[in-house]
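Chains: A, B, C and D, in written order; residue numbering restarts at 1 for each.
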Amino acid sequence: MPDMTIGGSKLARRGYSFDEVAVAPSRRTRDASDVSLDWNIDAYSFATPLIAAPMDSVVSPITAVTLGGLGVPAALNLEGLWTRYEDPTPLLAQIAGADDAEATKLLQHLYQAAEIDLGLLRMRIEQLKEANITTVVGMSPQGTTALAAVAAQAGAEMIVIRGTTVSAEHVASHDQALNLKKFIHDLDVPVIVGGCATRQAALHLMRTGAAGVLVGFGGGASHTTADVIGVRVPMASAVADVAAARRDYLDESGGRYVHVIADGSMGTSGDIVKAFACGADAAMLGTVLARATDAPGGGTHWGAEAWHEELPRGMRTRVDQVGSIEQILCGPSSSADGTVNILGALRKAMATTGYSDVKEFQRVEMVVTA
Amino acid sequence: MPDMTIGGSKLARRGYSFDEVAVAPSRRTRDASDVSLDWNIDAYSFATPLIAAPMDSVVSPITAVTLGGLGVPAALNLEGLWTRYEDPTPLLAQIAGADDAEATKLLQHLYQAAEIDLGLLRMRIEQLKEANITTVVGMSPQGTTALAAVAAQAGAEMIVIRGTTVSAEHVASHDQALNLKKFIHDLDVPVIVGGCATRQAALHLMRTGAAGVLVGFGGGASHTTADVIGVRVPMASAVADVAAARRDYLDESGGRYVHVIADGSMGTSGDIVKAFACGADAAMLGTVLARATDAPGGGTHWGAEAWHEELPRGMRTRVDQVGSIEQILCGPSSSADGTVNILGALRKAMATTGYSDVKEFQRVEMVVTA
Amino acid sequence: MPDMTIGGSKLARRGYSFDEVAVAPSRRTRDASDVSLDWNIDAYSFATPLIAAPMDSVVSPITAVTLGGLGVPAALNLEGLWTRYEDPTPLLAQIAGADDAEATKLLQHLYQAAEIDLGLLRMRIEQLKEANITTVVGMSPQGTTALAAVAAQAGAEMIVIRGTTVSAEHVASHDQALNLKKFIHDLDVPVIVGGCATRQAALHLMRTGAAGVLVGFGGGASHTTADVIGVRVPMASAVADVAAARRDYLDESGGRYVHVIADGSMGTSGDIVKAFACGADAAMLGTVLARATDAPGGGTHWGAEAWHEELPRGMRTRVDQVGSIEQILCGPSSSADGTVNILGALRKAMATTGYSDVKEFQRVEMVVTA
Amino acid sequence: MPDMTIGGSKLARRGYSFDEVAVAPSRRTRDASDVSLDWNIDAYSFATPLIAAPMDSVVSPITAVTLGGLGVPAALNLEGLWTRYEDPTPLLAQIAGADDAEATKLLQHLYQAAEIDLGLLRMRIEQLKEANITTVVGMSPQGTTALAAVAAQAGAEMIVIRGTTVSAEHVASHDQALNLKKFIHDLDVPVIVGGCATRQAALHLMRTGAAGVLVGFGGGASHTTADVIGVRVPMASAVADVAAARRDYLDESGGRYVHVIADGSMGTSGDIVKAFACGADAAMLGTVLARATDAPGGGTHWGAEAWHEELPRGMRTRVDQVGSIEQILCGPSSSADGTVNILGALRKAMATTGYSDVKEFQRVEMVVTA
């Protein structure tokens, strides 16, 4: 529903970023200890409404276990270094140590020098299963046909299909395009798919049978999609629009609730709060977790867009290391910038505004600021 | 009354900060000497519409007396260093001298290493009473049950209850929550309570019997509530909304006038002027007074949010020292940035626009700027 | 006519600065040589629609003659250094050479150490008359009663009364307030008076019989009125509003055309163009001329607000010296930033949009930008 | 159609720049290999919807051939150094090497020290024709009468008339003004003319018989038109408005389709994408190509406005050298900032949003951002 004119007959909508909105207090407050952060999706229950992004700078087999133990499912990227190399640890160190000017070339080289090894892939999944955490894996839409069934067979319990823009209707003249609806129907495990950023696109994704849809563009703080291809929908509006699609689909499907998972532009706990306020059921975290001293990125962060052979649309960025994964999630904090004690901040935000869980909090009043 | 859509069905209101608004001249001007700055609340009369914030960097027993002598009631924080330590002077110096990186940890330590001592508390209040100024004390909502009656008994004449967000309806399953209405009714002394930021929340606070409500989030320039928990209502809009609640309540109560006291985001005399223009009856000052050479913060400033054990939501910030308390309030000034001669600036603002007191000035025309 | 709500029932108007607006081309273009810049006010005709501001950093007896020769009437400030000191040249050099931190104190000292000397005042006016230029003088509203008649008698041909905000209705209990209408009626010479910034205030000023009204706050780029007293109306909107008052008054007076003179916020030729586009008949220049190598400010610039004894509301600012007065006005230019060849730029702006004089150009289409 | 009030009765439209808008994904995606970038104008077909600007820092006889070979027609400036000097190579090096402070003076000198030599002009055109590329030449409106017929006779196949603002109705009392309509009618070759920035102005230009109109102000990233003469229309709105004029004219002419060519403010591939999204048929590139290591500007960039004798309205700016012309256009890229692999980015943008050519892509949904 466009509401402004750029010029002539070109209509547009005003899109708001998290920086432009804020949560307003209500007339009630509540004890933080009375707030629940539980998240239930498909058959799975988690103690937090968070999921770690399938990015090599965030999720390794080891951090997946750490995160899982803290209630955060973590998606291991099945197209990343861990399925291409037996031991990617020295490569991660090399990436973290590279000059800014050389980083893109290094990523392009490392991710193209070795193919995905299905044996390694199965081994990584087994490793996760042994740790007794919910096994979540990530892949690109392009990789889905080749990898998803293998991963499911190897024991993956949830699959995240994540790209810059994923649509339910991919048109291709040469290849056989992925039919998401059939694919998801045939698969045994629940699928989370995205990014999408508009109500229409989200509605079509929901109709594929996905358990959740990602709102965003897949590259987090490190992507440059807007500069390179001019595509951008500010996240507060994108989340609110996709939440509206959830309601549309709930009605049309006679009661199927598809989870809306904000993915990107959330650099602080305050941003995550705003995502929930706009209607998200959960938040996929990249940068926030890449700041951990025990994150595989070692103080750097990058997404899949950054290693594209011909048209990279992201960069390896540097992030401050502010504490361990556990401290970032659970505190205590000695800083006041929203980077540490994320779960404490979520509880405090809901308590301050008088709400008791994420679903209720989606109704909180909001303010648009300058 | 939301007036815009973030996306989908998520409505929001546009909130304006003091930076975005300004006062417009009218067709009249007036002599500054004909302007009155008097402020009458409950049984008390003050020569200025200002009150000093209950923050250790601003109000000590000594500066409370200095401020009182200049017509500015000053709230001593009963949960701060002065009720925890016999002589906090060296600790204040230690805080002022700490590195930025270490300041939060030091605050967390100092405020948690010693309990509040009710004997010391009574002694501080007596000290103020001996100076023959109106004795004002401050506390958090959490501390109110334990401290308010003791303070009143010791002779406090006005109590400020100040937190990030204070509601008339706190929901708690574990503790016995504070019933503000009953509490204020049972107490002998007038109570100022806040912060609040919306019309509904303010109206409920007014119904508790408070003499005044604070508009804001309690942490002034040094708080990071927006980054950490995503909560923010820009001050110009918040003050105007709460002023509307004052009018609602005036009608519903059959004539009880509850004072609206702007608290925060006022770094210059120009900002204070804008608070009055938006409908405030008085302004609670933190940063402006922390800039005094004789302020206890010694060139630094912090609020209660900054020493939270697990989730600090404020920082010890540095402020320029621009003159003595007396010079900051009364001039003369040799700078032109709105930090010195606050009272002269307030008089000049009203004179320039043709108004003769704060109540009249609340009607002045305003402009929204970029 | 307020069009937005800050909050509650507090209405406001959106005010635009010159930075936020621009001129749009039309379907016609024109030769620059066919554009007229003539300005006729009262009985006087000038070759440019510009007037130099009564500021000591801009107009001295010598630069008044230079400017007059180039078609720019220049107002000598009768309350400045030239009527207080026999030879202010060394004092001007002292001001130009002072450290930023000391400048305000020095101004306060120099302007208060010597009284205005009526003998000197008469001598300065005679000096200007001998040069055969239109003799224009400036004074504050406060100084008008004492100085205006003396100046007129000494031969001043036009009087500029310039203050932060000048109203037709000044209310004062102690002094006898200046009755502008009677004052202007009794005086022989045309009066330009301001600043004003709103339609109502301008209309009242027009009713005093003034030949022109100044739109602005009297301190140009160096004033800090917004920071100190919170008063501001962005100039594009202020000029457009006062131009509307000109039309109101033209009708109500049965045809008296009062000139609208933009005063302030015009740092480049582009800004001056926008002032005309918003409806100004002429522009009063401060900063633009203070940039001259032969300006008395010697690379610095200040207004009367800067030397206020107790509440200075302006600063001595530094400006780049970009060329002689003649070069700044007439070119040629080797820079491309709108600081040199002001008259060439005005002609080019009107030519590019197809207009032939300032009055016509007031109809040009405009755009609001980010 | 003005939609806001600056003040009084001064109406204005809100104009959006490319920075303020973005493209929103749709519900479809597509393979990048299925996207066509073909551009057909008049009798000519090109493999890209791009044209190189007639600027000496971008197009030389040699780069015109390089660009032509890559599918980008390149307009050689017939009023630049190549028609004034037999060998401008050392002069280009001198310009690239000049200090910022001296650059404008140097440009003024070099472009005025030698007249345009018609013999050289013919030789340059022959040189281009021999290379078997479509021969495109550029000139100013002022130079058109003298140069266009000569150029056409020498074999130019397309003529670009490019100025800050070009109107169909130039009013001049002294000279014989160019009658564009008659001029274009009499000429054998297709003409592209501009800049224009509004619907009315564009419609009048279209009625002259031009094959295409340029939207913009002719100086690209290096012009300072807004500072110097206050004229500006942000590009996203300008392109959308001129695209509306194309539709108006299509109807009124009974089917003549005039190409809308965005010219300026496109520093990245993302900006070019947005130009198409707003309705452009093609994009004229300056800065993007000046960044080539083999561009004649040698790391610097300037337009015709920069060498104006009396009122320069542009500067010689410095640009980063990011790759060869071929690499900038076709990749591969090792940066992620939208400066390299422009054609890949255009294809990816359309693929991501599910469109298959530029004409279809003009319908894409857009978002206005902060």
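Here is the rule we use: a contact is a pair of C-beta atoms (placed from the backbone, for glycine too) under 8 Å apart; a residue touches a chain by one contact, two chains touch by 3 or more.
Worth saying up front: this structure is predicted, and the values here are computed from it rather than measured.
Traced through touching neighbours, the fewest hops from chain A to chain C number 2.
Judged by shared residue numbers over all numbers used at their interface, chain B and chain C contact each other through mostly different positions, with under half in common.
A turn of 90° superposes the CA atoms of chain A on those of chain B, with the angle given to the nearest 5.
Chain A and chain D, compared by their mean Cα positions, are separated by 40 Å.
In terms of their C-alpha centroids, the spacing between chain B and chain D amounts to 57 Å. Shared interface positions of chain D, defined as residues touching 2 or more other chains, are 15-16, 237.
Shown here, the protein chains touch around one cycle, each chain meeting exactly two partners. Residues 2, 4-17, 19-20, 104-105, 108, 164-175, 177, 196-198, 200-201, 203-204, 224, 226-234, 237, 305-306, 309-315 of chain C are the ones that touch chain B when the two sit in their complex. Of all residues in chain A, only 3, 15-16, 21-31, 33-34, 199, 236-245, 247, 268-274, 277-279, 331-338, 341, 344-345, 348-349, 352-354, 365-370 touch chain B in the complex they form.
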